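This is the structure, below, for whatever I ask next.
In order of appearance the chains are A, B, C, D, E, F, G, H, I, J, K and L, and numbering begins at 1 in each one.
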Amino acid sequence: MSEDIFKVVELVGTSDESISKAIKGAVAKAGSTLRHMGWFKVTEIRGHIKGNEVDSYQVTIKAGFKLED
Amino acid sequence: MSEDIFKVVELVGTSDESISKAIKGAVAKAGSTLRHMGWFKVTEIRGHIKGNEVDSYQVTIKAGFKLED
Amino acid sequence: MSEDIFKVVELVGTSDESISKAIKGAVAKAGSTLRHMGWFKVTEIRGHIKGNEVDSYQVTIKAGFKLED
Amino acid sequence: MSEDIFKVVELVGTSDESISKAIKGAVAKAGSTLRHMGWFKVTEIRGHIKGNEVDSYQVTIKAGFKLED
Amino acid sequence: MSEDIFKVVELVGTSDESISKAIKGAVAKAGSTLRHMGWFKVTEIRGHIKGNEVDSYQVTIKAGFKLED
Amino acid sequence: MSEDIFKVVELVGTSDESISKAIKGAVAKAGSTLRHMGWFKVTEIRGHIKGNEVDSYQVTIKAGFKLED
Amino acid sequence: MSEDIFKVVELVGTSDESISKAIKGAVAKAGSTLRHMGWFKVTEIRGHIKGNEVDSYQVTIKAGFKLED
Amino acid sequence: MSEDIFKVVELVGTSDESISKAIKGAVAKAGSTLRHMGWFKVTEIRGHIKGNEVDSYQVTIKAGFKLED
Amino acid sequence: MSEDIFKVVELVGTSDESISKAIKGAVAKAGSTLRHMGWFKVTEIRGHIKGNEVDSYQVTIKAGFKLED
Amino acid sequence: MSEDIFKVVELVGTSDESISKAIKGAVAKAGSTLRHMGWFKVTEIRGHIKGNEVDSYQVTIKAGFKLED
Amino acid sequence: MSEDIFKVVELVGTSDESISKAIKGAVAKAGSTLRHMGWFKVTEIRGHIKGNEVDSYQVTIKAGFKLED
Amino acid sequence: MSEDIFKVVELVGTSDESISKAIKGAVAKAGSTLRHMGWFKVTEIRGHIKGNEVDSYQVTIKAGFKLED
């Protein structure tokens, strides 16, 4: 039977290197307290500028994880 | 006085029968840990297809509950 | 000639049974004062929760009806 | 390796009975020419009104299917 | 290094006086259990009407706070 | 039984003082012809500028009121 | 003092000739019962197709008019 | 019985004369391979500028056509 | 190499005749100070009503132009 | 003749007191270099939180001003 | 003359390495059956998570190609 | 005191290599005339296709910079 329930949390990862590192960082950090995360969806890509250069990326994701029975 | 504060959580319920069963399942599951839920709002209706038939519905809701004093 | 003009009204139907009963109730009620309604579009699906169960559905629709000449 | 590619098609199913029958009809019809459909997402729920009653539901879905190698 | 991770929570504050009091109430309440909140974003402004007067404001915010290392 | 039907109207209130006065004005004015208004939702905040100063606020709201049986 | 209140109505004009004729028709028709209309905003442009040709345009507008004191 | 199924395709028509010619061109072109097109909806109006003058209009439409039994 | 950078400006053209004249007017006016404009995108179509007739169209566009090296 | 052209600029005002002070500050600042500003529209309301209290409001507005002939 | 007509298709590319590889894969795959593709637009970035790590990226694009005369 | 005012500009960066290079290029170019840029937000990711391969990325950003006192 497939009547699973998922909870969705919203996270912002930051990286001074790339968009994907910001996503990976948020997923890894959340994984230290949440189990069973199954998917994510990017909802916003922002960043800081310093001295006319991109200083860091901030990527907001929604991540879903299965609630245990 | 009506200065209550609510928290909003996002949940995905699934059902292989109907959209409303997916909503009810998510509300019931969340109710086992959250008290004082007062309302929900549907934000997405998706589903899985298997063998050219709808296999299950996945309904995303936001549910609000009152924070205790 | 097809230069008809329609007016669009926004209604919220409620039902403690199902989403479609909420839609039907709103259409029937509006029909007691509006003639010539031709179509509807669902714009929001919400509901009330009581005792960790779905207590009622509230479905917002826009309904269009032809203005008489 | 998971480098699959999917195509997404947009369909409108209609039913004079229910929202879910409209979804099921669209999926079944599409299945007669498309193989490997895996998921759908509801993007609009509309309907026709006749004699102040809901005459039919029109549900727009996007359905994704895997392109064969 | 700036690889901080933030979590975003959604809250609804209410006030019978003003929009900003509703925001402040939600932030203060959340602050009793969350540390390191850094920013908020208003996502909806609603309210109740009683006797043809605005009875209360309900302001939905998303608030971000830094996850501790 | 909770099968109430609501109608939603869209109003623009204006005030040369504040956003909340614009909301209150729209609600009070509508209340002279509509009974049973229960809630509002802000959908747009605009304003006029004169001589490089804010001259007035225009706040668009949707207000819902219960249709009588 | 500029504390005017406006009401907003939603209309669909149709024309088998052009988008602007559909707008003009809706405004003229509404003007037979509403006074003081001041502005409109286009919210949707649709149309019917017959025999692989555009048969008519349907343009949805929101129109605002000042409520009398 | 009204259980018809429609498919929706997205097209971009271009015209150096007018928005409506861009729509008509897309509908006519699509009609050479698709039968039973019934409606369209404009989803984007763009254009090219050359020498500070509008050089062409690009209008994106979604067009629906009935799938044959 | 194609590493060009474009700037996007937002303009509102008005015309008492047609939507396309409003667009053309905005492009021509902007062209007196901006060079290298390449494209536009319509973001809003509004208008004024006087005496129950459309008095003027206001069309908001975003226009992109290449920054010189 | 009403063939005026307007330019729209996007500004963020900040205030540690209120939303309306943030709007007023942005309008006043812009007014020191732009003439003929006529209207604004709020597009985002955010803020900073420090020590679990709202530290400042950041309100993003779009402001339109008439281009001189 | 520039009265070209384009069709727009929606595709989902997946990659376990990066967002851009997911885009490239979708474009390459579509290119095996579609000629004259000219542009794409990213409409969604999602992904799968396994063992608290990003397992794959799923990027949805719309791609436009010119219909042949 | 934190009553700073920011202006927001919209830019499109292009790169034939990656999304992030397109962002960096836009920021660097804008930095040659704007000082005090503090943040950016990605609003659109598009690209050109040539010979069934991604030829270049076009990334639209909004960038905010502080207006000097």
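By our rule, a contact is a pair of C-beta atoms (placed from the backbone, for glycine too) under 8 Å apart; a residue touches a chain by one contact, two chains touch by 3 or more.
Worth saying up front: this structure is predicted, and the values here are computed from it rather than measured.
Asks: Could you run down the chains that neighbour subunit H and subunit I together?
Replies: Shared contacts of subunit H and subunit I: G.
Asks: Nearest 5 degrees is plenty: how much rotation brings the CA atoms of subunit C onto those of subunit H?
Replies: 180
Asks: On a CA-centroid basis, which chain has its centre farthest from subunit I's?
Replies: So the farthest one, by centre of C-alpha atoms, is B.
Asks: Work out which of F-G, A-E or F-J repeats the contact pattern of H-I, with more than half of the residue-numbered contact pairs in common.
Replies: Equivalent contacts to H-I are found in F-J.
Asks: I'd like to verify one number: the distance from the centre of subunit D to the centre of subunit G, where each centre is the average of its C-alpha atoms, in whole angstrom.
Replies: 32
Asks: Averaging only over C-alpha atoms, locate the centres of subunit E and subunit J and give their separation in whole Å.
Replies: 22
Asks: Which whole number of Å gives the spacing of the CA centres of subunit D and subunit F?
Replies: 38
Asks: Please set out, as single numbers or ranges, the residues of subunit H touching at least two other chains.
Replies: In subunit H, the residues touching two or more other chains are 9-10, 19, 30, 48.
Asks: Can you name every pair of chains that touch?
Replies: Chain pairs that touch: A-B, A-E, A-K, A-L, B-C, B-D, B-E, C-D, C-F, C-G, D-H, D-K, E-F, E-J, F-G, F-J, G-H, G-I, H-I, H-K, I-J, I-L, J-L, K-L.
Asks: Which residues, counting only subunit C, touch subunit B once they are in their complex?
Replies: Its residues touching subunit B are 18-19, 44-49, 52-54, 57.
Asks: Residue numbers of subunit K touching subunit D in their complex, please.
Replies: 9-16, 21, 25-26, 29-30, 48, 55-56, 60
Asks: Which part of subunit H faces subunit G closely enough to touch in the complex?
Replies: Within the complex, subunit H touches subunit G at residues 19-20, 23-24, 27-28, 30-32, 37-42, 63.
Asks: Mind listing the subunit H positions that touch subunit D in their complex?
Replies: 1-10, 62, 64, 67
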